[in-house]
Amino acid sequence: MYNFEIITSAIDHFLHSVMPAQLAVITECVLIAVCTLVAYVAFAIVMIFMERKVCAAFQCRLGPTRVGFWGLLQVFADVFKMLIKEIISINNSDSLLYRLAPYLVVLSSILTFSCLPFDKGLQVLDFNVGVFFLMAASSFGVLGILLAGWSSNNKFSMIGAMRSGAQMISYELSIGLCMLTMVVLSGTMQISEIVEQQVDGWFIFKGHLPAVVAFIIYLIAGNAETNRAPFDLPEAESELTAGYHTEYSGMHFGFFYVAEFMNLFIVAGIASTLFLGGWTPLYIKGFDSFNAIMDYIPGIVWFLGKTFFLIWVLMWFRWTFPRLRVDHVPTLEWKYMVPIGLVNLLIMTICVVMNWIF
Amino acid sequence: MKFSETYIGGILFASASLLTGLRTTLKEFFTPKVTEQYPENRATLKISERHRAMLYMPLDENGNNKCIACGLCQSACPNSTIIVKTKNIVDEESGKSKKVLDEYIYDLGSCMFCQLCVNACPKDAIAFNNQFENAVFDRKKLVIRLNK
Amino acid sequence: MNPIFIDIKEFPQRMQEYKDLKGMDFLRELIGMDWGEEGLGVIYILENSDTHENLEIAIKTTDREHPTLPTVCHLWSVAELYEREVYDFFGIHFTDHPDMRRLFLRNDWVGYPLRKDYDESEAINPVRMESEITEDVQREYEIKEEAELKKINAQTNRISGDQYVINIGPQHPATHGVLRFRLALEGEEIRKIDIHCGYIHRGIEKMSEKLTYPQILGLTDRLDYLSAHQNRHALCMCIEKAMGIEVTDRTQYIRTIMDELQRIDSHLLFLSCAAMDLGAITAFIYGFRDREKILDIFEEVTGGRLIQNYNTIGGVQADITPGFAKKVKEYCEYQKSKIKEYNDVFTNNIITQLRMKGVGRITLDDAISYGCTGGTGRASGWACDVRKRHPYAIYDKVEFKEIIYKRGDCYDRFKVRIDEIKESIHIIEQIIDNIPEGDYKVKTKPIIRIPEGQYTAAVEGSRGEFGVFIESHGEKSPYRIKFRPMGLPLIAAMHKILKGTKIADLIAIGATLDYVIPDIDR
Amino acid sequence: MKKPNIKSIPYEEFKDNETLEALIKEINSERTNVVVGALDDLINWGRSNSMWSLTFATSCCGIEFMSLGAARYDFARFGFEVTRNSPRQADLIMVAGTITHKMAPVLKRLYDQMADPKYVVAVGGCAISGGPFKSSYHVLNGVDKIIPVDVYIPGCPPRPEAILYGMMQLQRKVKIEKFFGGKNHRAKKGEMNNDPIIVTNAPIIDNEKLSKE
């Protein structure tokens, strides 16, 4: 078993030995911030490239091939261009909020990103109400979107923002219910603890039926949270041109773009943490040699493998389905997903109380 | 009430229809792609012979064009894409003045490829070829002289 | 064609009678005319939707300063837009018309372009780079005793100032070109709608009056580029009819096959774009992937992918290539297998069904009154296929079903097109092996003149009836040429069906009505 | 002289190298240092490979533009597939189709709404010169009368490969730009092509080569 705590505590000891305690803490903070941001950007680039290739494959085409080998440098080209693209300021817009909005969206997703347990001990934020914090942090992304729509002084943006407000706030409920279901199963809200409990079996197997239902609902609601098709109403290209970010150009738009992809990563990451065991390897009872081989694969590979598989599934959804209509989105949520989620929570509770779990 | 209209039935039918869609796209995910890679395939690219990309003057074995400067193509052209400029030269043997082609000017940028000029030509002096790589930076470069 | 001239005073009553007693419930065409000294007028072509009997009526006024004619838009709803078009081009006011504004040109346009005395000089109408101020006031006119115009109701606003008004278009991904909807919203719901056309009005009809007939042919391809073959077919047919040219059987077969291939091409594009508008981008790509196969066939035979320039007066431009039949048959087999894929990935999808079923219903009466031909009319249960009503080419020799649905909602309109692809394949398969030998082209005179008179021809375009009207004075170019747009009636119907729907429905309705803007604006 | 390089097509086989070379000369008239030059290359590489076009189509050419995005031609290979519906986020406006008098102010406005650097490609006869509708009372004879055009792609409509070729020409033009110092793209803002096309002294086309092909 790999354990990153050894490395992190080694760094911690080293810093404390060479500098005063307060300075050491500050240095650690800076180090962690840099690492998080770098990881965030790196994953965003990988995700964008993956999206373009996967989408192309679903559509019988090739996707980027000409920039770099196999198109690998495509996203870097986009990033360079985006960085030096003019940022237009809009007349009659609420200037402060207009500029604040993209940062809020990115901040929200970075905060959530830092809750993800990449490996044992490789987690930035971990405390006893981790799941609770996760939900709180992810839910203020909607504020950024609302502000973007409101402050742009554009009617399309406004409609897009209102749509996203209605959509994201209602789907938060489903996500909450699904997470609650898993919290009932695990009995803790600390994310590292939740993963630890899955060493002897992933929750999706332990929790059987209610866990599977929660998993499916979570994927649907998570897709809606990230504003991706079939739930991309806030930006609905064919209806609202570009929705809430119609007026944003240059890197401001880039922030929205990156945040959208990273939210997808986060949704998939949380799903793999809560349901598929995070960094824990796959064990099959009775196959000891198989389990031993699985142990050799580092936890971070397990985590990323699961996450990227889920991302692929979500992309598969995105590139298959048409967009829902604005009144079908709440219908799906309030008529189907919330009642099912509530019943599911009840069933899970019963299962846990009666000890009908594996 | 049909089963598909009940609450549970609705969910099942909806899921079935969504799964069918997912199956279809998954199948396409693994089928070979149909993309033709221009410009990588420039050497092998086959374009129909009848394709009209640009007007040109086919030359005979002596390297001369067949144009007799009759101007029928110019009058057939719906949007004055073709301008035939003529000049009079005196034939040395007979001493008669003869009208010959001076400049055959063709504006690729406004041609609508209707083939009326080719149809009108009595000598097959002009034809369309399928050389489509014509994009330029300067609008003036699209006005070309077909004869030498 | 010999229209009956009716006096202005009797006109409203006579028209009412034609509609009520003779059952002339379909206004096929409404053609503005400028007969110079004889005055300005309008020709109406009416049709009984049951018996397919036609009736041509004309009316004119000699007043060129303030020409006024009575409206017919209370009898045939589509006349509302047709009359606005006539007002725009000829300056004829229609009394009791609820909304006399320009339809295509800018509000500040000087003069009426299709009048014979119109001055085209740049100085009068330069390219104005300031944005057009949207005219929101609708005017009605009535005739005073001394035949002088009086403006009334000048104060009614279509969309008043305090509503949440958004503009969809002219540059918008879902308008399929450059159409502009002005919508007054309440939340997501559409309360009022005002449609602005003319962003791609290219003045083809006016240009044609100066061009020779073969030159006009090139422009028809560019009217509705997705029915390029059919448009050109209609004009060729009209000219051939007028000149008494009998085309060979081979030509007829080739034209029919090409028309049907074009229809499949257009319908594939329709369903791709409908899918894209509803957010299913993958289905869009699948449709385009298969469409390329038709374009390959087109390119090999005609030399053009989109604009083919294939039909000519008296025949076709070039004979079909040797491998044509084989390729077409291969394609037909391929396409049949792919229709299931579209259904799996898009049509049968629950999201699509929810978005389309019951949305944007056009009733049978509305469809006829608005003259919505083509797939839109047939989805409402109106058997309006020109191929059946007035057979041309060899459509009376082949066996095919006219696809008719009943509900008239988006879903039916979508299904009609999918079924029509199958039916078109069926037609092609019947005749592809039996193309008779013979000339592909009849020799015609080098200069084409049409004998004096008025001529019409109509074909079933990809999205409705495409008609051509020519008035010739025996010259090399027509005195007046009018193309019946397939899309304008659909736009007219949108006024009615959009009220109370949502923005998302506007997209679905627009996508399934299947209009092509250059065809509307001409 | 720095020659822009495009994969799979040699520099010499491109058309209109003369205009490009003249442009290079003009841009390089001021000297720049090495570091800035390398940065310029990087930026131009980014820009030229990430041309996000505005979904703008008025007529026939727009359908060919859509074909370009579909599976067979797939301009995603070049990284052009991220078409934006909002002009703010687009780098490129492909004027595909006829521009009429009524549309002209709209097009101008769309162009003005785009963020720098922005490029214009005129696709097809209508956008270049009015094409088939040159003599119409309601058609703008060439978009270069109202906005500066970078590349002209002739055809009616041009086939998708021809549009791709035009896009590569644009890439070449972007690759010679200078972001730091020198004259960059913005310098030509406001320079509209209003002079009439002179038809005399038209360049001679190599008929012999064409006859062979």
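Order of writing sets the chain letters: A, B, C and D. Residues in each chain are counted from 1.
The rule is short, and it goes like this: a residue touches a chain if its C-beta (ideal position, glycine included) is under 8 Å from a C-beta of that chain, and two chains touch if they have at least 3 such contacts.
Note that the coordinates shown come from a computational prediction; the quantities given were computed from them, not determined experimentally.
Among the chain pairings, B-D comes first (most C-beta pairs in contact).
Chain geometry summary: the mean Cα position of chain A and that of chain C are 49 Å apart. Chain A and chain D have centres, each the mean of its CA atoms, that are 39 Å apart. Centre-to-centre separation between chain B and chain D, using Cα means, comes to 19 Å. Across the assembly, chain B contributes 18, 21, 24-25, 28, 33-35, 37, 47, 51, 78, 112-114 as residues in contact with two or more other chains.
Listed for chain A are residues 56, 58-62, 65, 237, 241, 319-321, each touching two or more other chains. Touching of two or more other chains is recorded for residues 172-173, 218-219, 282, 285-286, 289, 307, 345-346, 349, 351 of chain C. If you draw each protein chain as a dot and join the dots that touch, every dot ends up joined to every other dot. Against chain B, the residues of chain A that register as touching in their complex are 56-62, 65, 316-317, 319-321, 336.
Residue ranges of chain D in contact with chain B, taken from their complex: 6-9, 15-16, 19-20, 23, 71-74, 77, 125, 128-135, 142, 144, 149-156, 158-159, 161-162, 164-166, 168-169, 173, 193, 197-200, 202-205, 207-208, 210-211, 213. The residues of chain D lying in touch with chain C in their complex are 55-60, 62-64, 66-67, 70-72, 85, 97-98, 100-106, 108-110, 132-133, 135-140, 145-146, 156-157, 159.
Those residues of chain B lying in contact with chain D across their complex are 33-40, 42, 45, 47, 51, 53-54, 56-59, 63, 65, 78-80, 83, 103, 105, 107-114, 129, 131-148.
Chain B meets chain A in the complex at residues 11, 18, 21-22, 24-26, 28-29, 31, 33-35, 37.
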